[in-house]
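Look at the two complexes coming up: subunit A is in both, with subunit B in one and subunit C in the other.
Let's turn to the complex of A and B:
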C-alpha cells in the first residue's frame, strides 16, 4: 500500500467524523484541528484508520503529530516496518 | 463459587461547589460550549478544614452501622493525593471510623485506578476464603490541585466513594473470573510533588484509548466466548476524567465490534452509558472513585434496570493501566440507592462564586506541606456553623508540627 492509499483512508474517516466538510476542502499539510476537530474527534479518526489499515501503533505515540500528512507518513513507516519483518 | 460484591455504597461530593458556566465566563470562554464539551455542570470544592481523609471518612460514616464496623477485616484507601508520604491515610480513616484493631489497612496509588486496585484486592481476598467471614471496606478519595488559567481547569473537582465488599452483595455481584487488564509505562498525567499535577492532556486521552482497547481485548480472551458487545452488556461504565470522555470510550468499543455511524453510537450511548454520568456531572473529575460514582449514577438513573443485568466497567489509571471487568446488578440495588439520597446531599452543597473559588483554592494550596495549620472555620459566611456543626462530619481540626488532628463536627 502506498501513501496515497493510506491518505485516502484517513481522509474517509475525517469526512465521516467532521461535519460540513467536503473532500476538496482537505489540505494534508493542515491539522485536523484546523477543520474544527477536537482531541476526541482526532482520536476517532486515528482509531478507525488504524483498524482499517490493520496497523497497531500506541496512540500515545501519535500525540505530537501536527498534520494529516505527518500522520499518513507515520502509518506508512509502520506498515513498511511490518512488511520487512 | 460464592457470591462476592458490593453490599453497601456511598459517595461524598464535598460541601461546596461552583458552576462550570461561572468558571467559563470568568476565563473568557463560551459557557454553553464548555458545559457541552466536558458534560460537567458543577465541580466540587472543599473548605480548608476538609481533605482526602475527611472526604473518605465522610463517605463511609454515612452508611456503616456499628455492626458493620465490627465485621470489617480489611480497609484499603485509594488516593493520588495523600497527606503524607509514609503514613497512609487509611490509618487516619481507621481511627476516625472507630474500626476494630484486627484490620489489615493500607493505601493504594495508581492515579485514577487506585480505587479499583483496592476493590480487586478486596474481592480476591474474599474469594480466597482467607477473610474468615470478614468484610472489606474500600474507599477512594481524591481532590484536584490548583490549576488557574489552564485548559484542564474545566475538568477539576473531587469526590470520595466508600464500598463495603462482602459475601452478601446487595448492589452488584462481581464476575470473579471476568477481568482483563493492560499496562504500559507512560508520563501522561502525574503528580511529581505535593503541589504539581503535570502532563499532557492529549497524550493522556490517547493512552486511555490504548488501555481501553488493550484491556477489553484481554477481557474477551479471558471470557473465552465471543462477546457480542451490544447484547452482552446491558450498561457500560467508563472511567471519567471528565464525563464527556465516556462517549469517546463507548465509541471505541462500539466500533471494535462493528464500524458504525456517530448517530447510531449516540443512541447506544444514551441508552447504555448516559445514566452513569449523573453524579460525575455534578462533582467534576471523579479520579479513583470514578467507577463507583458511575455505578451510583447508573443505579439511580437507569429506567429499565433489572436484577441480573450485566454492567461492563472500565477503569483507567495514568501511568498507566486499564482494567475491564463486569458485574451483575442485585435485586435490592435500586431500592438501596434511592434510600441513599445522594442527590439531596449534593443539593445541600453551598454554591460559591468564582472569586470565592479562587480564594479558597489559594488558601488550600498554601496549607500543603506546612508544619502548622489552623483552618479558618468562619470562612464563607460561617459555613461550618450552618452545614457541619452537630451533623457528624469529619473535619481537620489542626496540623501541629505535622501531626494532623481530625474531629467529628
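Let's turn to the complex of A and C:
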C-alpha cells in the first residue's frame, strides 16, 4: 500500500466523523483540529484507520503528530516496518 | 519485545474479538507481559483499616501487610475516619437501616435527603440541589440532564472523564479548550456563538493541583452568553474563606450557573451533588438518568454527610490545618528541588518525566519503605510527565510528613540524579 492509499483511508474516516466537511476541503498539511475535530474525534479517526490498515501503533507514539500528512507518514513507516519483518 | 511496553491503557479501547465476552486478544497478551503485570500490581492494593494518614495495606508486591504513611487517599480533612461522622452514620443506620429502597421520586427520599440538599444549596449559594449516589454519575447525569443534541459543551481539556462521558451521552457537540488558556477558550466560544453553550471547568484540576482561572473564564462566558459549570470535587470544604470552594476563593460563588461537588473526597463518604437554580434542578430531577432511574443515596451516607458538612464548616480548623500541612510539605519538597508542576492546592504532583520504568522502580521502593504514594502513568497524565501525586490531609502530623519527605528524598531525589 502506498501513501496515497493510506491517506485515502484516513480521509474517509475524517469525513465520516466530522460534520460539514467536503473531500476537497481537506488539506493534509493541516491538523484535524483545524477542521473542528476534538480529541475524541481524533481518537476515533486514528483507531478506525489503524483497524482498516491492520496496524497498531501505541498512542504514546502519536502524541507529537501535528498534521494529517504526518499521520499518514507514521502509518506508512509502520506498515513498511511490518512488511520487512 | 520491548515494543509492548510502549502500549498503554489508551490502546485497547477498541475490541474486535469475535467473542463478545472476551477482551481484545492483544490486551490479554499485553497484560501477560511481566513488566506490565508488575505495573498493574499497584492497582487494587487492599487497605486493611481506615484510610487515615497512617494506615495498613496488604501490598501486592510481596503480599506483606505493611503500616504505611498515606499520601494517596482523598481523605483531605480526615472526615471518613472522624468520630463524630462515624457516630452520625451509626445513628442514621439505627434509625433508617442500610438502604433507601427506592428511586428519589417514588420512595427513596427521606427527611435526611431533603435536609442535606437544602444545606448544600445554601452552602453553595444556589437555590436547590440534587443528590447522587455516586460522584461520577452526578457529573455525567447533570450534563446529560442539561444538554441536548445541537447544544455546545465546551470543556477544559483536563476535565474529568465524568464530564466527558456526560457530554457524549447528551449528544451535544463537544469542544475542548487548551488547559486554562483563555485564547483557546475564546476560539471555542466563537465556534458556538448563538447556540446554547455550557462551559465546564474544575476548581482544582485533579492531576496537577492547579486552579481554574475563574474570573477570566467567567468574563468570557458573559461576553459570549455561555453558562458556566464548575466541578469542585477537589476544592469543596477546603477553598474560600468559608470553605465553599474555589468559586468562593475568587469571590464568585454566586455567579456559577451550576456547581458540582463530590462526597467521596473532603466529605469522606461517597456520592455527588449538583447545585443550580430551582427550575433547572426540578427539570433535572425528571431528565437526569442517574437521579431519576437510580436508587437514592443510602441514608447511612446521608447521615454521615450531614455531620461531615457540619464538622467542616462550624469553624475553619480543619481547612486551616490542611493549608498549614500543604505549605509545610510543599516547602520541603521544593527544598528538595522537585518538580511540582503548577500546584496551588492540596493536590501536589511530583513530576518524574517520561520514563515509566523509573516511575515504577521508584514506586516499588517507596512502597517497601512504608509510604503509600501511588504512581500516575500515561494515559492518565501526558507521557512526558509521569508522576506521583500527593493528596495532603489535615490529619498528617509533622512526624509523618518528615518521614514521608525522607523517603521521597532517598528514593525520588536520588533516583532522578
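Keep this in mind: the second predicted complex is superposed on the first by the 85 of 85 C-alpha atoms of A that agree within 3 Å, B and C clash if a C-alpha of one lies under 4 Å from a C-alpha of the other, contacts with A are read in each partner's own complex, and residues count from 1 in each chain.
Note that contacts are C-beta pairs under 8 Å (C-beta built on N, C-alpha and C of every residue); 3 or more make two chains touch, one makes a residue touch a chain.
Just so we're clear, the structure is a prediction, and the values are computed from it rather than from any experiment.
Aligning the shared subunit A places subunit B and subunit C in steric conflict. Touch criterion met: A:36 reaches subunit C, while subunit B stays clear of it. Within the superposed three-chain model, A:59 lies in touch with subunit B and with subunit C [touch as defined at top].
When the two structures are aligned on the shared chain, A:51 is found in touch with subunit B and with subunit C. Of the two partner chains placed by the overlay, only subunit B lies in contact with A:17; subunit C stays clear of it.
Common to the subunit B and subunit C contact sets on subunit A are residues 38-40, 43, 47, 51, 58-60, 63. Against subunit A, the residues of subunit C that register as touching in their complex are 6-8, 10-11, 13-14, 16, 26, 157, 164, 168, 174-176, 191, 378-379, 382-383. Residues of subunit B touching subunit A in their complex: 37, 184, 186, 188, 200-203, 205-207, 209-210, 213, 244-245, 247-248, 251-252, 255-256, 259, 261-262.
Looking at the complex, you find that subunit A touches subunit B at residues 16-17, 38-40, 43-44, 46-48, 51, 58-60, 62-63.
On the subunit A side of its complex with subunit C, the touching residues are 36, 38-40, 43, 47, 51, 56, 58-61, 63.
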